[in-house]
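Below: one structure in structure tokens.
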Amino acid sequence: MSVQIQSLTRHAPNASRKMLDDVSLTIEDGAFVALVGPSGAGKTTLLRTIAGLDGPYEGTVLVDGRTLAGRPMRERRIGFVFQNYALFRHMTVARNIAFGLDVLPRRERPDRRAIAGRVAELLELIQLPMLGDAYPDQLSGGQRQRVALARALATKPGLLLLDEPFGALDPIVRRQIRRWLRGLHDQLGLTTVLVTHDHDEALEVADRLVVMQNGRIVQDAPAEMLDTAPATPFVMEFLGEALAFQGRVVQGSFLPDDANVLRFPVAATDGPATAYLRPHEIRLVAEGSGQATVFGGWLGAMRRLEVALGKRTVEILVLPEQIHHAGIEGVSLDITRARLFRDGALLVWKGG
Amino acid sequence: MGGPSRGGNAVLVAGTYLTVLAVLVLPVLLVMVEALRAGLGAAWRSLLDPDALSAIRLTLEVTLVAVIVNAFGGVMAAWLVTKYRFRGRAALVALIELPISVSPVIAGLVWLLLFGRQGWWGDWLDRHHIQIAFATPGILLATLFVTFPYVARTLMPLMEQQGREAEEAAFLLGAGFWRTLWRVTLPDARWALLSGILLTTARAIGEFGAVSVVSGHIPGLTETMPLHIETLYNGYQTVAAFAMAALLALIAMATVLLRSFLEHDFRKASS
Amino acid sequence: MVFCLRRRDGLPGLSISIAFTLVWIGLIVVLPLTALVLRPWQDGGAVMLRVLHDGRMYAALRVSFSCAALAALIDVPLGLLLAWALVRARLPGRRAVDALIDLPFALPTAVTGITLATLYGPTGWIGALLARAGIRVAYTPAGIVVALMFVGLPFIVRAVEPVLRGLPPELEEAGLLLGASPWQNFRRVILPPLLPPLVAGFSLAFARCIGEYGSVIFIAGNQPFHSEIAPLLIVVRLQEYDYEGATAIALILLLSALMCMTGVAALRRRVSRGLVARGAA
């Protein structure tokens, strides 16, 4: 199922603050989209609005080309998994999963045996075939998560909405479940929207990331594009540790303000700009008068270096052989791989 | 969603107001109206009647002692059952809460079985000319029984939540039991203690059934405020009865309002 | 009672607090209740047999129990409504409503008694209205129920409120998203977890109501065999110097209240282990 959102604006109850501010977004049939951003960015509000959960809003939200307003929930074919799972504690796992079928009007409701069959099928799918008679309180976090998913899938939704579904799980279970979820998405041909504040998780599981900040969409791009061409310094910083170098573009070259940082050629008009890059994208060069100190341990195969540039000190990550080649006395930084921003927008990036 | 739909909410709010008005507010309103039926002056004068004044004095004396005894006992018991783990702890808690579910009439009767003329020690007391039943000591004992659990009950959940790290730290720093209790535990639990004391006070002032059984109803001597209300009401002195009732109703209103503020405070403090 | 410490407790004050607590409980609660339990057997079985052959006593017990049960039952939906409004509704004046709910608990029973008797009396604000419709409340068992309703209401609200507060709103949203109608949602998603606190609240209100005295006697009419409650009969027996008769009724009332409280305690233990939920599914 597809989702089209146009100029969606929502106000916080009893306040003029906008929880969503002129949001437009298209999600194609079969896509796996992650909504990412810091807490308070409006991700969950957007997800709940797509589900038709919250009250009035301005703008249009179309699911498969139709508005949801006035249509009964069971015709909407939307599955929703809550952050706290919202399992019914007084029902067994099997009854939880069957709930969406049990509440169908008599005419449409499958018979007892068909419901039991569907439940068994779903228990198989979530790899918990023996736990149909258990109660939610007897399950582990990862198991509850999967039961919540099975409950959402029981009525065969076309659109699956997940609100921070891995939030309460430990790291190992998280990794397992998100791979499994991705497999499920492909296998069932779902359209999936996932809310998360963990960019690594989003990058791993989704085809496309929608980065939100203060109720607005900052960038909407495939996972690999986000790192190479972040739309704003915020996106750059949200996706991982980033270093900033102030400077100016003069006649096709970026001139950093810091001492001991090398200029590099750019295709941009003259004016002030800020260069951003990841600590591991910086290279150490054996010239100039920068002072580097090795400190801390290893980060993967890389070492952490503190480099005194004159007025300030930056932390970078380099491979040990670079330290070997360049030494640590009298060094400069090569920041050729930086993305250049001016007035909060991307100016030049390494791919283009 | 955050709440019901607008229409649903309106129905809910209307139903709530209606219930609260009809069941809870109307009676209080009636007390005030009846008390002021002959004007504020008449109501005031009825409270200055010697029998009324004596009833107020007796009530205050009994309440003061009952609050002190039950607050002290309640603090001790709350400390015992929340700071230590021992066998019989659940039974002890059940015993502390028992008087809540005992009929007030029974709370009075039990003292007659001990100290009344036909009671276990009635003869002995008679011979030594000690009056307990149908006198102030009996009224006090009945009040003690009825208001027994409230301080302990409000303190226990809070002190349970406190754990015992602070007390252990105080002890390791050289503080003894009384100092630890007074300086560490109670300051932290002061709102709960105050709330419990308020409830104890309200119940002590207003106790009727238990006191009625052991009092003997001698106006000017063994009548508390609620008993005096009964005498006045049955004697068709409606204004005087409701004037005294209004006084008690005001105390009750102040109690619930204060307690609600206190609870709000410590709910906020604990979250 | 035997105190058996599980481990050596380093915290001081154990012996002091045990001593004061035992003296306090022993003198004020255990001693008088022992007298109540032992007294009826003191004068031999014949006296007890005579006492238990008392039709007026059974009538009074029947009035007390049936009125208490009816009042607590009516309080269940009212209490649920108030708890729901306190927790879920956008309720202007929530703090005032919250405080007022405890009023029956703090208002002296004698005040409640004369007020309700006046309010529902033949010339009272409500009583006059009802009289026009041909309904008499004051001085009938209906009056007893009205008084007990007032007394029992806070118990239901305060039992349901914390459980309701603990129910995440996502549960209802999950129900709606899965296609449940509002009624199905209430019936299948919300009510089952509220059932144990409703039963507990009912039992607490019932236990309190069977012993209630002051708020009832003014409005009840107090006719033997018709509108005489058991606690009043205790007082009557005492005035007749029939201590055995009074004690017998007191014991029956006490045991009934204790059974209610034990039931509530057992229910609480089962709920905390999640067993009630299983039974209700």
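Chains: A, B and C, in written order; residue numbering restarts at 1 for each.
The rule is short, and it goes like this: a contact is a pair of C-beta atoms (placed from the backbone, for glycine too) under 8 Å apart; a residue touches a chain by one contact, two chains touch by 3 or more.
Source: prediction; values computed, not measured.
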By mean Cα position, the chain sitting nearest the middle: C
Label of the chain whose CA centroid is most distant from the centroid of chain B: A
For chain A paired with chain C, centre-to-centre distance based on mean C-alpha positions, whole Å: 54
Approximate Å spacing (C-alpha centroids) for the pair chain A, chain B: 57
Whole-Å separation of chain centres (CA-atom averages), chain B against chain C: 17
Sequence positions of chain A contacting 2 or more other chains: 53
Set of chain B residues in contact with two or more other chains: 1-2
Junction residues of chain C - those touching two or more other chains: 173
Residue numbers on chain B that touch chain C, as the complex places them: 1-4, 9, 12-13, 15-16, 19-20, 23-28, 30-31, 34, 69, 72-73, 76-77, 79-80, 83-88, 91-92, 94-106, 109-114, 116, 118-120, 141, 144-145, 148, 164, 167-168, 171, 176-178, 180-181, 199, 202-203, 205-209, 212-213, 225-227, 229-230, 233, 238, 241-242, 245, 248-249, 252-253, 255-257, 259-260, 264
Touching residues (chain side chain C, partner chain B) in the complex: 1-6, 9-14, 16-18, 20-21, 24-25, 28-33, 35-36, 39, 78, 81-82, 84-85, 88-92, 95, 97-116, 118-119, 124-126, 149-150, 153, 169, 172-173, 207-208, 210-214, 218, 231-232, 234-235, 238, 241, 243, 246-247, 250, 253-254, 257-258, 260-261, 265
Complex contacts: residues of chain A adjacent to chain C: 51, 53, 72-74, 78-80, 82-84, 86, 88-92, 95, 99-100, 102-104, 135, 137, 151-152, 154-155
Partner chain A, residues of chain C touching it in the complex: 168, 170-171, 173-181, 184, 188-189, 192-193, 274, 277-278, 280-281
